[in-house]
Structure formats: structure tokens, C-alpha cells
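In C-alpha cells below, several structures.
Below, chain A partners chain B and then partners chain C, in two separate complexes.
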Partner chain A sequence: MTQRLQDIAASSIASWIPVAILAALPFIVGGSWTFTLGLCFANSIGVLAVSFLVRYGGEVSIGHTFFTALGAYAVGVLDTRFGVSLWASVPLALLLGVSLGIAFAWPSRNLHGIYLAVTTLALALAVPEMINNLDWITGGYEGLYVSTPLVPGVEMGLQRYYLGLAMLVAVAAAVARFRLSRQGMTLLLAKTHPAAADAFGTRRVWARIAVMGISGGIGALCGATLAFSGSTVSPGGFTFWQAIFLLVGSVVSFYGLSLVRVLIGGAFVTLVPQLLSASGAWIPVFYGLSLLGMILLGHYLPRIQKTLARRKGGA
Partner chain B sequence: MTFWDTLLYDLFPLIWSGMITGCLYALGALGLVMIFKCSKVVNFSHGNVAGLTAFLVYGLSSGVLLSLSWGAAVIVALLCAVAIAFLIYAIISPLVFESDLTSTIATLGFGLIAQGVTLLLFGADIVALDLPIPRFAFSVFGLLVTGYDLTVLAVAVVTIGALFIVIDYTKLGIAFRAISENPFAAEVCGLNLRSVHLFAWVTAAILGVIGALLIVPTTFLSVTTVATFMLQAFAAAVIGGFASLPGSLVGGILIGVLMNLFTFYVSPEFSSTFLLGIILLALNIFPNGVLQRVGGSRV
Partner chain C sequence: MDQVTNALRGDGIALSFGGIKVLKGLDVEFRAGEITGLIGPNGAGKTSLFNCLTGAYRPQHGSITYAGTSLDGLPPAARAGKGIVRSFQHVALCPDLSVRENVMIGVARNYSAGWASAFLPLSAGRKERQDMAAAADRVLADLGLADSADLLPSELPPGTQRLVEIARAIVGKPSVLLLDEPAAGLNNSETRDLMKVLRKLASTDLVLVVVEHDMDLVMSICDRIYVLNFGEFVAVGTPEEVRGNEDVVRIYLGSDDDE
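Coming up: the complex of A and B.
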């Protein structure tokens, strides 16, 4: 056990290296890349939210745009309507995400596997409709523009970049800490051995609600970062497809929770549409193919490795 | 206008047209449930693949790809749907026996590909695709019944009837039920799981094409039309318990009527939110489907 804890500690130190590299990047690359990378960090948090649900709850969500929209509009509305900066709106976004995650988890507490997946699908579909019909507060199709700086006097582009990075690092570090905590262990136990967890006093329903609440909170933080780093909040960012793309990002990173893994997932979600923007029809094809490719890779790779190992052993 | 007049002029037509659309939702839901019953996979590509085949019918009959007659175009599209179902199942079949959730996510990938292919072949434009049916309308007790309504009803009754006969009385149907009940025991008895799974996938694809062709005349055909339609089918399947064929029939009609009433009396803008509410409510009150409480039996 101590060996495992040491491994985790070592891997967290190892993940500081990419953080250092990312922190230096704005001084090397151009402004448009700084902007894209900011979005990349935000989407990585979204991928982390989906992966967290898979890892700790064993459930798949196709509806996390609900939570990202929540966080993004919390920031957007507070900023444009009341001029409140991120210092106040991020905690509010987190609070909203956690409480609505719990609010969604309660009626769906007894659903598992595909039943929950279909329910989250319905959740994702309801999001654009809600945003457009609450246009007196959300701005409808036009969306909102987030412009209040976090730290006055610093160039806005850099603020957008570093906030994204800081949020991502903070969330990834918190999740890594959570893995070592008593609560984290309890949730993992409830997922892998529900009967044992029950005997220790962790009820399945409680575990589900807790996981959904945390995942919803992370999702809302993703939305808040997306709103600030991306500077605009509009319904186009929270479509049903976006929800699927977050899941694709999570699959592509093999449901990883570490900083590097979620960065890969987030980069995938952000960069593919940008690179293929000239030929829009190829985007779903490419996403579909990579989703299938990663799933089949995850299926066949262990088998191929085993065969290779057996051959090596035999020779 | 008195209460009874309103009832007569609004409510009955709404229920009638809801039932007609509900039959189509049921066709979609039956396909989803057939696949789920035997292989425990939810086919998220159902709507997009059916949409692609509807576009194929349009493309083959309108001159965009070829100018065949409507009937020939439908046959070619059906063959394509069957071929696609074969292909999808062939690729995910190794996953099916390992994890139903993984294979379900894999079907999302196929849905994305089908959507992309539709965009690549036909673009994002909206097209009209009509059915070659006689146009007439008559009224019964103040209820306007059109040729389209009767066509949908007839096709749905024939298709669903044929499906239930196959499942109830043929060897293939018995094998399907056996595998849905207990795959391990069925395999021990010498049944081939894969061929029965394939039967379910192919049947579902055909049901999807029929449903798509029948729903398109009420609106128009775009990349998302059929996929959106299939989402109601998902709700219908969920209400029916996702593992019950008669349940999905009831669920489909229920969803059709409820959605119609909601959009007319409450608000057309919150229909997806309403659908979410129905799903959550149904799953909490009837976790195993609406028919489980009543009869306790399933086909």
C-alpha cells in the first residue's frame, strides 16, 4: 500500500514538469495558440469530470454539457449583468454544479449503466432548449461576452490562458488528493465491492449521489473556465454533440484522471474541430473513428501483448 | 366555446395524431429494444444510420445520386441498412461479450460516422422526401383522418404484427427469446449467439428505415431530423422498460400522445425538457417498464 502511495506521489511530481512547460508556453507561441490552449485546459477539466464519473461511479454520462453550461452561464451572467468578477462567480459555479449534480443524482439514483446513459442523454438534449428559452437571463442565441478581468492591469489574453491552466492544475491536483483520501477510497470500494462498502456503512445511493455531485461540480468548473478563457458563452458551445465529444475525449484518454491524460483528452476535444474546421463534415467521422479506434485498441492491445509475451516466453 | 367543444376539437385530434406519431416512435423503440434484449447493447447509432438510409432513398430517387423509382430506391436503401448493420455488428461483436457499456459507447462512434457520411454525401441542406401515397382525407366524428395517418397505421400494424409472429412462433424467434432470457444456457443448448444478435441488428435496421421513411413526410429531411426522432424512440423504450417489446409499443404511443398534449397545451419550446422529466419520472415509478406492474409478463 505504501508503495502505491509513493507511486502516486511520484507521478504527481512528474506531472509538475508539463505544468512548468505549459506555464512558459505563452512566451514562445503566438496569441491565437495561447487562446486555443486556454480552451484546451477548460475542456480538459470537462473530460476530467466525465472520467471521474467513470472511474469512481462506473457510470457513463453523455450529458455533461448540462454542468458545463451551468458553470459557464454562472460566470457569464454574473459578469455581464452584474459586473462581478471570477472571484465570486467561480465559487458560485462550483456550488451550482455540485447541488444540481446532486439534484440530478437523486431521481436517477437507482439507474445504472445504459439506463443512466440514456437519462443523461435526455439531460444533454434539454440544455440548448433551456438556454434559448431563458433568453432574458442567458442572452439566447447571441450569448454573453465575459470581459471583467480577474486581476486588473494584466493583459487579458494572458489572464485567460493562466486562469485555464491554474484551474486545470488545481482540479487535477484535488482529484489526485481525493484518490488518497478516506472518502475517495470509500467511493472506490462502493464501486468495486458494493456489498463490502454496504457492510462498512457506505450506502450505494449515497456513493452515487456523492460521485455525481463531485462530477457535476468539476463539470461546472470546466464551464466557468470555458466562459473566461473562451470569452464568450453561447448555446452553440453546449450542444448535444459537445456532450458526446466530452465523452469521446474521456475515452481517448482511457478515462485517465492524471493531468497529462486529461490534457490529451481536452486537446482532442479542442483541436480536432479547429484543425478540421475547413471540412466540417469530416469532424464527426474523425471523432467516430478515433472513438472506435481507441475502444478497439483498448480491447485488443492486452491480447496482443499477451500473445507477444507468450511467444517470447516460449522462445 | 364550451368545455366539451374544446375537448372535441382539440383533445381528440391531438390524441389521434399523437397515436399516429407514437406508432412510429414504437417502430424505432422496437429496434432499440430488440438489440438490447439479446445483446444488452444500446444502439446509439440507430437514429443516425436510419437518417442516412432515408437520405439514400432521397438521393437515389431524386437524381442526386441516381434516378430510380421510389420502390427501387427503398429496396437499395434497405439493403444498405442491412449491410451497415452487418458491418457495425461485425466490428463490435468482440466487445459485446466483454462489456455492454463499452460496446454501447462504440455505437456512439458509429452514429458519429453515419452523421458525417450523411453530411459528406448530401450536405447540410434540408430536403423534402414524400411518400407515394394517395392523398385523401375524411372526417369521423369531427376527427380528420388523412391517407398518411392510415398508411402509417397500416404499416405499423403489419410490421409490428409480423415481428411479434416471428418472435412468438418461429424457431428464430424462440432462439431470440431464449438468448434474451439466459444467454449462457442458450449457448449450452447449441444456439449461436452471434447469428441471433445479427438477426436483431438486421431487424432493427429495417424497422429504423421504415420508421424514418414514415416520419419524414410530416416534417422535412435534414441531418438531424431522424436522429431527433429516434430520441423520442429512446424515451419510448425507456418507458417500456427497455427490455420489453410490447412495453416499447405502449411507451411509443404514450410518448406520442403526451408530447402532443404538452406542446399544444403547455409550450412547444420545452419539449426536450419535458421528455427528460417523463424519463426520470417513468424510471422512478416503473423501474422495469410500464407493463411490468400490470401483467408481469414480457415477450
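Coming up: the complex of A and C.
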């Protein structure tokens, strides 16, 4: 229809290529990589939840483990206590994430920037305590082991991988579509010019609540995927540091919402700590350096490309 | 003043910021079917009056009615729902949206496809987007901006951005349209196009108020003119009456700069 819509269509085709590659990977790489990639997909959804908040709400969260924990325990508890499979627990996780996102947004509706970020921090700090105090249902430190297959008869390792991939693709596609929707456009206006959004019928409080609800919902879907693809749900996965890592993943992918961008963020969250785990006490230092490297690369890459293109054009 | 039913009225609007009186008890009646000019020097309170009428500011005193019903206490979004729409003196377009999409925001309040169609490929959402885009394209064409529909606002010169701002305001078929300096930054031919569009808009059921420093525009398209100075009206009347008013000549028209 229009140039920009064509661009979006083209970019969606461009993201089918990586999807096709990822779909073929389990037949090429070993089981431990399949497992790690499954976690990577789940974390990518979490990065997407944080980036969504930045892109559509202009706000930063350092507490999204609250929502990921919610989704993960919804799946874990229903699976281990009631034998309910993902078909029912994922919609419930989504519902919980959206509801609590809204419940958090209402009292914090007038907070912005650093004040809101610190408020989300409170959420993140509360999570491990809450999990431990509710140990009769959450299993406390031990955690829960998610083992009910989604599709009976298919090897569990493959299920864990493909569910992660499918969830990521579905969430990224839904978010891409949202950009074109009436609601998506009004949220973007409310972010940059709240007074203008008000003047055209979008209350800024509504905008904040909608963004938080959606971001919380995506966060819970991340948790649900983590629970299934990662097979265990325990407080260790929802620490304050994990919340920071999600934000870091969002930053290194430049708050991108496309599949490829969030995969970069998710890979950073999942793989970098693993790759560096051999380096012992130096892990934090290497983590910091690689973070810095990513950000500098992203910052200068466009300029480097421009310079190179100019050289080529001049020659 | 005789009572006109589809009019936007303000009675005794008084607004102050920290003791500074910005509007000193203004009575206005902006009538449907007329183009009303609101002029006055910088800082006179023109934008503040618009902000009171749209609900962005809460005046300390006075009441505002449209077509006989009170608007007092209604938030801006609810007033927008009644078709009371404005453009902004400082262009307030969303940089992430294309020109067409920015204009589509102006009709968004008339549509209601649900959340499911915002995320999923459902026909309701697709149809809504097509209808909104068609409405936006019609208005953009009227303003001579058809070629810019797919650009981002930042890719346009400031004058054209202002026209996009106006397109967003008029696309939703408002019942009250408040334009804050619509011709600022426009070249002569753009201003002529704008005047044509405004005259066409001035139908019987639209309340159209224009704040403008371009005197040629104001004098040629307005039926009535309010002259504001330091939060008070110094003159109200037809262009001829206002032009002949000594106070107006002294404080406003007589000054050499066109600011």
C-alpha cells in the first residue's frame, strides 16, 4: 500500500530467514546448545518486554523479573501441582502479567524517569522473598520441575526448543503488528507529546496503563517460556541481577523490537555469562567490557558504515 | 450578544499562574459558521485561552459551555470526544510516525477496533487502518501534501510540518477547531492554500477560531476578531471595526514589526 508498509513487509520477510535457520538448528547442533538456545529465545521475549516499555512508554524498568517470575510460576505451579499443560497455563500467565502490570501502573501513573525505575526496582527486590515465603506452593529454593509435554510423543528437548522459538516469533509478530494499530500509534504520540495525545482523545493515564499492561503481559510470556524451555523454575532465575540483565539486553539491542534485535539482546543475556563462566572471578569485568564493546560498536557502526560507503562512492 | 446554539462560550474566564494574572475574566462567544480571529501581541494570553477551552489548563474562575452544555471539569480527552480539537503553536507531531499516520491520529477517536485486532491479523483492525489512512490521504491532498504522506515529520520543512499539524486537527471533522498560529512559517503559496482550506471548512456547524499574527490572513478570512492584550479584550468586532479601533492600532497594528 505504501512505501513504509512495504518496508515493514520486507523486514518481516527478512526475519523469516533467521527463523528458518533457527528452525533447522536442532538438527545441526548438539543437545546442550539446543537447550541454551531455548533459554535464549525465552530471554529474548523478556528483553522485548523491557524494550516495549522504552519504545512505547519512554520508561525504563529494572524490575521486570517480577513479571517473568509471575509467568514462570503460573506455568510451574499449574504443571507440578495440577498437571495442567501450557495450553491453559500460558493464557493464564498472560492474563496475570497484564493484570499486575495494570495494577502496578495505576499507583505509579504519575511517576516518570528515575522515579519510576526505582519503583520497578522495588518489584524486583520483592520477588525472591515472595517466592521463598510462598514455598508451600512455589517449592521455595528447590523450585519446580516442569515436565508435562505440550505435544505428547515428541521428544521433550525438541519441544522445549521449538516452543521457545514459536513463542518468540509469535510475540515479535504481534508487537510488530501493534505498531500499525490505532492503539500503537496513539501510544507513540502520548510518549512524545502527551498534551497532543490528550487533545486527540488519548488520556495519558490510559497510555501509561496500557503500556505497562502490555509490557507486563509480554514479561509473563517470557517467564512462561523460561519455565517450559528451561524446565526448572526457581528463585535463582528471578534475582535482581536478572532484572538488570534484561535491561542490559534491551540496551545492547538498542531497544529494538524486531526479531533479530531482540535475539541479540536475548543472546547477550543468556550466552555472555555462560561463555565467560570459565573466567572465574573475572566474570563481572569481562561482562562489563563486552557490554561496553557492544554499546560502542552499536554507537559507531552507522558512522563507520557511512564513512566506508562514502569511500566506496568516491573511488 | 444574542444566544447562538452551536457556540463555544466562555464566561468570566480568569487564569493566573502563581499570582500572575494571565487571563482577567474573559467573556467570549465563538459562533458556528463564522471564522473568528484571536489576535494580540506576544504573551497576551491567546494560547492560554485555547488551553482553558480545551481543558489543558483549569481556569480559577469562569465557566465554559459548548452548544449549551457545560464543559467545566471535563478533561482534554473528553472534550476531544465532543469534537473540540486544536492545533499546537509548537508543532506536536510524533517523530516515530509517518506524516499519514500522524494525521490518522486525528480520526482515531472515531474508531474502536479492540485490543485483539491491535495484535492479531484480524480484519477489523485492517479495515480500520485502511479507513483511517483514506481519511488522512484526502485531507493531505487538500493541503497539497499528498507526496509527503510517507515521509517522517523530520524530513519536512517547518512550514509543512505545521500544515500536517493542521491536517491532523481537521481530519476528524471537528465541531470546534482552534488553530494556534497556523500560518507561522508558511510561504505565500502555502498560506493561500491554507486560507482556501479554512474558508471551505467554515461550514454552518463548525466553530473555527484562528490565532494568527499574519494580519492579511486574519483580516481577509475572519468574520469577527477578538483583540487580546495583557489578558483582557481591548476590542471585538468585524475586521473593519477592529482595523479602525484606536486602541488596537496603538497596541498592535501600529507597531512596525509583524510579530
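We take it that the second predicted complex is superposed on the first by the 279 of 315 C-alpha atoms of A that agree within 3 Å, B and C clash if a C-alpha of one lies under 4 Å from a C-alpha of the other, contacts with A are read in each partner's own complex, and residues count from 1 in each chain.
By definition in this document, a residue touches a chain if its C-beta (ideal position, glycine included) is under 8 Å from a C-beta of that chain, and two chains touch if they have at least 3 such contacts.
As the structure is a prediction and not an experimental result, all values here were calculated from the model.
S.K.: Between chain B and chain C, which makes contact with more of the residues in chain A?
M.R.: B
S.K.: Indicate the residue numbers of chain A shared between its chain B interface and its chain C interface, in ascending order.
M.R.: Residues common to the chain A contacts of chain C and of chain B do not exist here, since the sets are disjoint.
S.K.: Within their complex, state which residues of chain B touch chain A.
M.R.: 36, 40, 42, 44, 91, 94-95, 98, 100-102, 104-106, 108-117, 119-120, 231, 234-235, 238, 242, 269-273, 275-276, 279-281, 283-284, 287
S.K.: What does chain A use to touch chain C in their complex?
M.R.: Interface residues on the chain A side: 1-4, 174-175, 177-178, 180-186, 188-189, 191-193, 195-203, 206.
S.K.: For the complex, give me every residue of chain C touching chain A.
M.R.: Chain C residues touching chain A: 54-56, 75-77, 80-81, 85-86, 88, 92-98, 100-102, 104-106, 108-109, 111, 113, 115, 117-121, 125, 128-129, 132-133, 149-150, 168, 172.
S.K.: Under the definition above, what is the set of chain A residues touching chain B in their complex?
M.R.: Of all residues in chain A, those touching chain B are 60, 62, 107-108, 110-111, 113-115, 117-119, 121-123, 125-126, 129-130, 132-133, 244, 247-248, 251, 280-289, 291-292, 295-296, 298-299.
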